[in-house]
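As written, the chains take the letters A, B, C and D, and residue 1 is the first residue of each chain.
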Amino acid sequence: MLNPKTIDDTSIDQRVYTLNLGPQHPSTHGVMHLLVTLDGEVVLKVEPVIGYSHRGHEKMAENRTYEQFLPNPARMDYLSGMIFNHGYCMAVEKLCGIEVPRRAEYIRVITSELNRIASHFIGAMDYAMGLGAITPFLWGWDDREHILDLLEGITGSRLTYSYGRFGGVRNDITKEFYDGTRRFIDRLRGRFWDYENLINQNIIFIKRSKDVGVITKDVALDYGVTGPTLRGSGVNYDVRKMEPYSAYPEFNFDIPTREEGDCLARYQVRMAEMEQSLNIIEQALDHLPPGPIRAKVPRLVTPPKGDCYCAFESARGAVGFYIASDGSRIPYRIKVRAPSFSNLFVLTEICPGHFLADVIAIFGSIDVTVPEIDR
Amino acid sequence: MNITQLPYLKDIYAFLGSDVTAGIVGLLIIAAIVPLNVAFLVLVERKVAGHIQLRPGPMEVGPHGILQTLIDAVKLLGKEMVTPQSTDKLIFFLAPIIVVAPAFVGFVPIPFSPMMQIKDVNVGILLIFAFSSISVISILMAGWSSNNKYSLIGAVRSVAQNVAYEIPLLLATMSILIMTNTFKMGEIVQAQSSVWFIFYQPIAAIIFFIATTAETNRAPFDLVEAESELVSGFHTEYTGMRFSLFFLAEYTNMVIAAAMFTVLFLGGWHGPLFPGMIWFLIKTYFLIFVVMWARWTYPRIRFDQLMNFAWKVLIPFSLVNLLITAIVLKVL
Amino acid sequence: MEVKGNEPICIPSRDLSPEYVEIPAVVGFAPVQDLLDLARVNSLWPLTFGIACCAIEMMAAGVARFDWDRFGIIPRGTPRQSDVMVVAGTIPHKLVSTIKTLYDQMPAPRYVIAMGNCAISGGPFSYDGQYAIVNGADKIIPVDVYIPGCPPRPEALLQGFIKIQTKITKGIIDANRRADKAARKRKK
Amino acid sequence: MPTAEPTKPLENVRNSLLQVIPEAELRDRDYRECGYHLEVRLVMRGMRRVAREMKDRRFFLETITAVDFLEYFHLIYLFSTYNEASFRVMARVKLLPEVRPFSVWDIYSEAIWLEREVYDFFGIRFQVHPNLKRIINPDDANYFPLLKSFGKTKFTTDIDDILC
């Protein structure tokens, strides 16, 4: 990493040029536009230009009832759609004061964690692809397909789930799902060894990721970074532990952290979190309580006047649904706190001084979903 | 009357037996074989990639997709050839032509077997090196004339990379040449009839392999067309057949590089049981397979690392290796 | 350090008329045309251009289980070397000019697949008062095949590719383009 | 269902906030109902002092958003901590449409984007912001989409005491 100050001289104006990475670019996930100012190969300034995927979710929420908005959260962050879906349900339940049966909470945890693994597969393997290794990407996506099969069995959807309902979930889990999840856990535990060999012990991978894009704790605090990106910087902040929601306090799991704060640390945190998610799923399957999967909730919920903020942990960081209700069936205002939005902005702070190739690496290691930023 | 006694037929026979005829016929064979070979290699690449990535690769066009790349070539022939408005039109037009020509010339001195050699040029190795440097110029031409920043970055990277890696490449070759005292590729192969040079010169072999991988812009040194950073690098603006000429050159250069490694280190056509041609091809294609294997396993290295690796690791090592070889052979 | 770079490019998002130049790539000699069609249908290279959710399913079509490489489909990063544009996702106004530019940069013959409900008609995001999106890709570029679903499964995308193959070999696409052109001329 | 139960740190924050900005109205809220522990109500001004105090106590800025109440806006700042005893503070600024609040971008860098987003959707112009322009909507847009007057939003007009 070069210090941008050392290359500062009077002729800089003639030497710098801007490069438009995107909106169509192979390694900007989705339609992201990075305006990079370069001096040769050295990055002087990065300015993300967002909004190419803005679909007006928040305005849409003000035009339909709480139930009608149910499919939307999964389409904001389509990679962890299940988590968003459950999060939105939790926010409305908090607003209305609905108690969720324990079995439903457990099913929510199982499906959310499966979704988290699927999302981390994409996050970690897209990062490897940004470095130019294409094979890990295909391996990871292949393993992810097994998760999609399981979730499809109970939800009927591969990607954009609307499985959660206010007060529970739509379907009970089946015997096939139960057995399949057990088999999947065993399979994935065996596969980690392959990833370790292919990626983590690859000397070029280490050389490319180590000490690249270091996010210090102060920078993280300044920019409101959350999720695996933050835990790679040595802060063990995870909403699942800090503000326990759903059935998470009943499970025993760790929050993996790394002190370095570089791209490698973020990658390792993601891989370690996948193992922790497997642990959670295993415990939840072991102690799955009997009972109903859905509380008695009216067909159309009518929350009282007031507002609430419901935080939960998606695969990318702390998400929050802020809902203001005017006492009618239509939300007065729904605001989504998108973790990618804050995480992406850190790029402007940490990229200068790195090389062009590192921008792609850092961008991949932060793992953003564009429609979640733009909403 | 005996036909051979006719005077003009004698001249024809003399002409047919001459070097010029051999050269023309050889070049025609090259012109026919090289594109087919490239089509085959692209297919092999896609199959290798597929099987490494747990999928079958091309399957539908012909049995196991063997006609896939031919079909691709026909399609590229039928595409519109776009010359963007802001390009430098002449250079843009010339670049893909210039990139292919030296790739064809590179085949001339390569001895596929004792008999199969177009011409055992007395500066064979130098000829290949000299012509392979031309491809850098054409890449620079393509990158410059495209008037696209991605292309330009790719082209500039390519020049720096080729300058850096040509030095260890030549130094590694020098240590072989000191042992054989000849530039003729046929004689270099004959010198290895008992022991292959890879056993005498393992360090030079490794350096040569790495440097040729970098020279031919293959992963993990494919910074010139680094897909995840530069979209397609120097050929971002090229369409249709022009783009496929770059592809042709890339794979042909890969074959030449593998063939040179076979000649210099793996004993060329020497081997038991099979005829020399078969052995030569087996060795060459195995090396190509290794290059593909590396491509689908390793990430790409960064530009500064690439430069550091050439100047701080490869060049010192190859210099020391050359020095030791020279001392052992000439002084002791 | 302050860097005086260019200002971010502000692309006008509205008031773009759907005008495009399209040369139907037809050869007068029937067997050659057949061979070309055969080649075209068997190597449809899509542009890596995913907008939203459908992009994930598009990528899933490329990995081990579905593997579109079987049909000779390999994604290319640059529009100059691609044949098919898969519009995978919602099209916000901000993206309209980008899509048009990308389409113009692709060499003829070029095809467009509208993948997912959003690219067909705006899908779930189309409602009374929507301000952000364009209701369908065919409002800005000519679309050859529509794949419904939210998002469509990778198999559906592969079927979309097979549909486009059928349309090419039967000459429907060229006929459509010519009719389109004639209709526009008449309008003027 | 267990919830995070902050005790001592919450007292500290409340006291120091009262010292810094005495005119603010502080309310304890039930976390299980609202999802935040402390609400700071301000009228028009004082947000920068609150933000600086929160930054000194190593809170991070979760989000900035606004709610349009036709005659006035509520500008909402959410703060949370990375620490073990996590709790959330909401600062709510009542804002008349023509008033331009001060930016907190030099306290929290993240606010540069968050305030741009608020401007983009509500047309609230922050003062001394380094780069206040459209962020998500197109640069040439002439609308502020999340205003209640924009589009065909259905809502009840009787919304005075919605947030009591």
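Everything below uses one rule, namely that contacts are C-beta pairs under 8 Å (C-beta built on N, C-alpha and C of every residue); 3 or more make two chains touch, one makes a residue touch a chain.
None of the values given here were measured: they were computed from a predicted structure.
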- Which chain pair shares more contacting C-beta pairs: A-C, or B-C? A-C
- Task: Determine the centre-to-centre distance between chain A and chain C, using the mean Cα coordinates as centres, and give it in whole Å.
- Result: 29
- Query: Cα centroid separation between chain B and chain C, in whole Å?
  - Reply: 37
- Query: Which integer distance in Å separates the CA centroid of chain A from that of chain B?
  - Reply: 44
- Message: How many angstrom lie between the centres of chain B and chain D, each centre taken as the mean Cα position?
- Response: 63
- Item | Touching two or more other chains - residue numbers and ranges from chain B | 53-55, 227, 231
- Query: Where does chain A touch two or more other chains at once, residue-wise?
  - Reply: 25-26, 51, 54, 56, 59, 63, 138, 142, 374
- Note on the structure: For chain C, residue numbers touching 2 or more other chains are 8, 63-64, 77, 94, 128-129, 131-132
- Query: For each chain, which other chains does it touch, given as pairs?
  - Reply: A-B, A-C, A-D, B-C, C-D
- Touching chain C in the complex: which residues of chain B? 46, 50, 53-61, 65, 68, 71-72, 74-75, 78-82, 227, 231-232, 235-240, 243
- Item | Touching residues (chain side chain C, partner chain D) in the complex | 8, 10-14, 93-94, 128-129, 131-132
- Query: Touching chain B in the complex: which residues of chain A?
  - Reply: 17, 19, 25-27, 41, 128-135, 138-139, 142, 198, 202, 204-205, 207-208, 355-358, 360
- Query: Which residues of chain D touch chain A in the complex?
  - Reply: 1-4, 32-36, 58, 60-63, 65, 67-68, 76, 78, 80, 82, 84, 86, 88, 90, 108-110, 112-114, 117, 121, 134-138, 145-146, 148, 151-156, 158-159, 161-164
- Message: Can you tell me which positions in chain D touch chain C when the two form their complex?
- Response: 137-141, 143, 145, 150-153
